[in-house]
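Once you've had a glance at the structure underneath, I'll fire off some questions.
Chain lettering (A, B, C, D and E) follows the sequence in which the chains are written, and residue indices restart at 1 in each chain.
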């Protein structure tokens, strides 16, 4: 098979290291193998061992990813101080026309190498965690199969060398997310949630698709490297034509990029396409960790980062859109997060808010050099966020595992029962609140700095959000672990053993120390090294505002009291609106149910049934009626027949003698 | 008084023809309808003879046609009458309007 | 004398059979079943003999003509009559007048042979009467039935009337041209109004025999009332013969009036198809239904005739061959059911498939062939008719013709639906098929399927015309 | 490779089916025939590729020509190119799956299989014939089996549906007939031979009349709006295998005809009417999708979705770019496999739950994991999930459509793209109601798929995956054919 | 002049009898009027000097067919009963149709310029007729003669079967008697 592919020149392998290509290819393929193995035979043969199989396969993947990342960052990736974009493997998957083809390939550059590590690592953590968390589930092997599918898809997405390849895996990620959210398929709420997630992201993907069509049409390629090269070199004809083509006064390039961004916004739950994310918490908690906190939701950020040169160099207007959407989402989600009582929903809104951070960091960034700080910061935050948000979710998972409820009101005082969870959760909270020296502090600092340098409005929004973040995280923390005393009922089953604790601890370490990674050395907008400056005086304000948030939360929630209710009452309008997520869901429901269904779907069905069908039936009925009408000619009267006979003869004679010669 | 010629004969035969046709259309008795048919055939005969006499006397085609028509008329009449008699047996009537069972 | 024997072989054989039957009848008489077997044997022999020593020639100073195509056409008619003798065995066995029936039928067949071979208007007229009057008598052979006598009366009187019209037309043609010979007429005929009128009078008689709308009104009534074999004979043999002679008349004799008759036929073919289809849609009685369906089929034949080319002739002859198989199979099945179960309504056919799968399939096959659905031969037949006919026509005409195909499918499917799909508490009980009926149906089925697929059949006809 | 075998095998199978004595024999005979045919189809693919690799450059390979009605210049002319082979493969997959799925038919088994095989015979013949007349012959051969299959073994308003289907399809073929004759007499040579016709220039005024006739005629088969009305009723009333054949094979006859006959022979006509085609196709796509959203009957859902999906085929053809045309062929193959599988699954579910109302089902994933999994796969394929065939086809069409750089084509493409969202909505809604949610009472004891159903599903899924995972082979197969059609179009005025 | 008057007299007789034959309400009288009309036509043949045809007309029509008709009237009609009157609408419509057709045909006939042959006339003598009737050569009528004889035979057979009443019908024979020729 391989020979045939090579012969037909569909498959290209860089001359440079077959091992690298193989290793890189194996990273996504191993989880895929896990999916196939467990999906096809898991129920029958690996009922109990599927978790181990999946985990082991992923472990290998993780090691390979580390190997690749190490090799890339420290051995061959950096040529003359600039990180190269390497394509060790490329398979022509579907050729539309000359030059325009979907290739399945592997693109290695700093962000994809970084993402490989993040995805495999978080996924591995989740795999391990799930060994205990999902133990005894009926569809245990299916679960691991789906996890494998998701990991495969996500890895395929991050290494995509071709924009269409990214779209392919983008969709696959969506569907694995759908399957995992709907894991508890007999719960109607889960079914609704998974459908919602899929459809909303699908809607956004429509934008992505059309964006791809626009970009590919003008650039004549789907390959990322070529695409970026053509659309960023000012003298290329392609760039000229895409800039000169315009619709509603906006250039085709801007349109294309905005549409692509809509796809990213959908997946990353940016306002107003965020509505699926909170509902997606219906899935098992480890799934939320993996998909809806650490990996899939940052795909949008990754996408913008992937096309960043084009955004930054050729379509700053589109980049502005990215920035503002990110900022709005960050603030918006933070406000809602303050009011939610379901702990996973709080975390979900927090995720949305943090991704907003990453987005606007990209939005305020420029290409190259010092101005590219936002880009580096965004990626940095992506990296650290993955750690602490995964930790938060897994911690929440432990809590839910213990309590069997998602609601804050059922919790409180758990610090005694769940000590490890408590500590790790606290670390994560500190990290996300931006308290030094935890990871979040460093990445957030850079983002705020970048925003401060380029866009003051966004900076202030970000600052407020930062305070709110600290507040709602500690609201959560205090509500779970402090507040009222817990009175456990029924049997007591500890923290869930080693399998659940080990990921927590590992991630806590990550959340604690990953901020010290000199990120700018590795990831920057133009591939060259970026010294990330550290301004002590600048970080006072964010840290201060974060501490204010933490202490407010402490004041309100550490002990059970009625202060929160009072405040909620005094802010009743705002509180209610935020509690109801600003009624965005209702708005969507109105649009879909009332407008789409009633104004388009129903008329279409009606039209089909009555007009189109009706016409056909009417033709039939009309013929029958007509046939009934003329039956009088066949009256059975002999003499009438003779009269018709004569009349016909004479009539025809007249016609042909006088009229129709 | 004009000396009779071809056109007189044709007028006669065509009149006879349409008198027969009229009879065929309006007579309700089957036997009288048959009589109308005989009138029609006679008019045709007259036509043939007239054409033969006035236009094409070189050959006797018209004459022979007439002879054969007369023979056929006899055969036809015989069969028709047989059928009518049978109809009379089954319907007990030879009114054409009683034989209108088959229709539409 | 030898010449007479070879050229008029078909007619002589038929005459001999007629006289043979006459003697048998006058003499001791035979039981119906043995007589039937004898007749079937004779007709088979006749059919086979007719294939040998076929020659072309002219007799009686031009009154009688024959050539290979005419001989082939006669063979087709022979075949049809033979099939009739097989398929309607059930009816034949119950009648009191079997020999007479065949005498009349063969006389009519003889008339048709002379008709096809006729060389002048007198022969044409006489053989036309010979082909008609016995059939009218045949229509009355269900002597006790009211419908039968009504049908016979309608047939004899309307055909007498149409003969009157025909004769009137002939006399005008004679007056205008001074000849009744087909050979001389083409050079003498022109488009003067009188001749056009005379032609239309003549045409009306053809139209009457072929049941072209609006001269078709007798058809359904007669088919419905007449005994099954008579109806089948009328709808298949008689129509075929008149179609053949119609072609000769139009293509050879009235060629100078082509401009007139082309338009006339185009107009009437559309009218015939539409009216035939519209009436067939609402029929309940199978015989009446088949009558209207055959009217619609004639519309298609007219399309082929309108081509005015040898392709037209070939396709008409070919279609007639297929039509013989299809229509006779349909009539045959209807006859089995009518004779044994005494049911003639389409609604009685509901659930037939449950009890009688064989005849159900035969009926379906026949109907599909009539509807022109491949792989049955009807598809080819219709398609070639249309192809031949549309060569000089416009798209609209072709479209109307094609749409009529769709409408006709609707009512053929109605019967198929009744047979195969509709539920019935009391379906027709299991019927016993005699050997001859089975044989007849199988021959028809083979014909329906193979005539189309074996293209040499068409090629042969094409080479004749 | 003798192409005649593609016709003879079904023919022999059909006759053998009639001769068998009991139902088991009938089933195995039909199955064997279908299996041989599948092997032949795959063998044909291999032989074709080998021949091409060995440098065969003719447009059609394995050509055969027999005399058939030479008086009309008709010949039994057979030959295949990549497009035909793709369709033949599709047919053989669907046929064998259809036969397997119908394993439990007890009512008139022999007749049922006979008609199925006859239908497949029509399809095979259609795809390999290179003579318009022969093509038309096989097109119509397939009509009556459909009618009987629906009318006898169907359910619901089966007689109405069967009638409607037969009449509308006949209406379509009537239009084809007129167009065909128009070409025959309009080309000056009086030939039905496609290869000859493709080389001569049919006068523009003839094309202007015949193209719409042929395109609409064939279009009716492939659910061209507004002549699609037979699709919902026909599909939903048919027995499972009937629906599979209808949607999987029969509708493809139309698409193939539109491409091979109308577009290829009459490029000027195609150019003239391309915009109308696009508008109709776009309407069909979106309108079909919206109409699907409102359906409650499972079979109607898939039937309407077929309208929508087949709209893509016509859109791809109407766009008149090579890529879109390749996409159209791919969509035909893909939709054929997918919709056949979909109907198969619906049939399996219906046999177990005895209802087709999605509201009355629920939670089937719990008790019938195999069937439900297949339902998921086919649903995802329908909504265009990468890795499954639907995605490949649709994306090819989109990319190809987008190559027309003007607002009209752009809008049509975007409209078509929008349907993928609507598709997601109705597919997920259906799957959600049927497979997910709490298990409805009364279904606790139903059994999962039997071996024959599993095999059928696996065969079709294999086809779907073969295209979805490795589309390049199909692309390679189809592209040269599309290229030739495009060449004709680009040289036309 | 005399022959002219005779022609007009014969023509008048023929037409008036014909009109009466199709309008009389007494069927027997109608038959007699038909007889007169046929005799009138025979007279015209005489007048045209086609004696043979005139004789045939009288023998077959007057002697044969009319008698046949009168017999059938006796067989099927209660004597003295008046014939039913056709509906007025039908009468008017028929008359109109007939008149229009008549007008058209007459118009065409009168407008048409008939040409006549210049060749020598053949005498319609019995010898000529007899010779031609049995000749098989060009201009002979042996074959039509045969055809007509076959027709008469067939008609005879048909008449016998049909007119002899089967058992069970009014006027039928006794049950069980088979009908032979």
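Definition applied: contacts are C-beta pairs under 8 Å (C-beta built on N, C-alpha and C of every residue); 3 or more make two chains touch, one makes a residue touch a chain.
This structure is a prediction, so every number in the text was calculated from the model and none was measured.
With steps allowed only between chains in touch, the distance from subunit A over to subunit E comes to 1. The set of chains touching subunit A and also touching subunit C is given as B, D, E. No other pair of chains shares as many C-beta contacts as B-E. The chain with its Cα centroid farthest from the Cα centroid of subunit C is A.
Taking the mean of all protein Cα atoms as the centre, the chain whose own Cα mean lies nearest is D.
The most distant chain from subunit E is A, comparing centres defined as mean Cα coordinates. Put simply, the C-alpha centre of subunit A and that of subunit B have 97 angstrom between them. With centres set at the average Cα position, the gap from subunit B to subunit D is 65 Å.
Distance between subunit A and subunit D, defined via averaged C-alpha coordinates, is recorded as 36 Å. Centre-to-centre, using mean CA coordinates, subunit D is 69 Å away from subunit E.
Residues of subunit D in contact with two or more other chains: 167. In subunit C, the residues touching two or more other chains are 122, 126, 129, 133, 136-137, 140, 143-144, 152-154, 157, 161, 172, 175, 178, 193, 197, 220-221, 282, 410. Residue positions of subunit A touching 2 or more other chains: 620, 631, 634, 636, 638-639, 642-643, 646, 649, 653, 657. Working note: touching chain pairs come out as A-B, A-C, A-D, A-E, B-C, B-E, C-D, C-E. Residue ranges on subunit B touching subunit A, taken from their complex, read 21, 24-26, 33, 96-97, 99-104.
Put simply, subunit C touches subunit B in their complex at residues 121-122, 125-126, 129, 133, 136-137, 140, 143-154, 156-157, 160-161, 163-164, 167-168, 170-172, 174-175, 178-180, 220-221, 224-225, 282, 288.
Across the complex, subunit C meets subunit E through its residues 15, 18, 22, 25-26, 29, 59-64, 96-97, 100, 103-104, 107-108, 110-111, 114, 122-123, 126-127, 129-130, 133-134, 136-138, 140-141, 143-144, 152, 172, 175-176, 178, 192-194, 197. Those residues of subunit E lying in contact with subunit B across their complex are 1, 4-5, 7-8, 11, 14-15, 18-19, 21-23, 27, 30-31, 34, 37-38, 41, 44-45, 48, 50, 52-53, 56-57, 60-61, 64-65, 68-69, 71-73, 75-77, 83-84, 86, 90-91, 94-95, 97-99, 101-102, 105-106, 109-110, 114-117, 119-122, 124, 128-129, 132-133, 139, 141, 144, 148, 151-152, 155-156, 158-159, 162-163, 165, 169-172. Contact residues of subunit A toward subunit C in the complex are 620, 623-624, 626-628, 630-631, 633-634, 636, 638, 640-642, 644-646, 648-649, 652-653, 656-657, 660-661.
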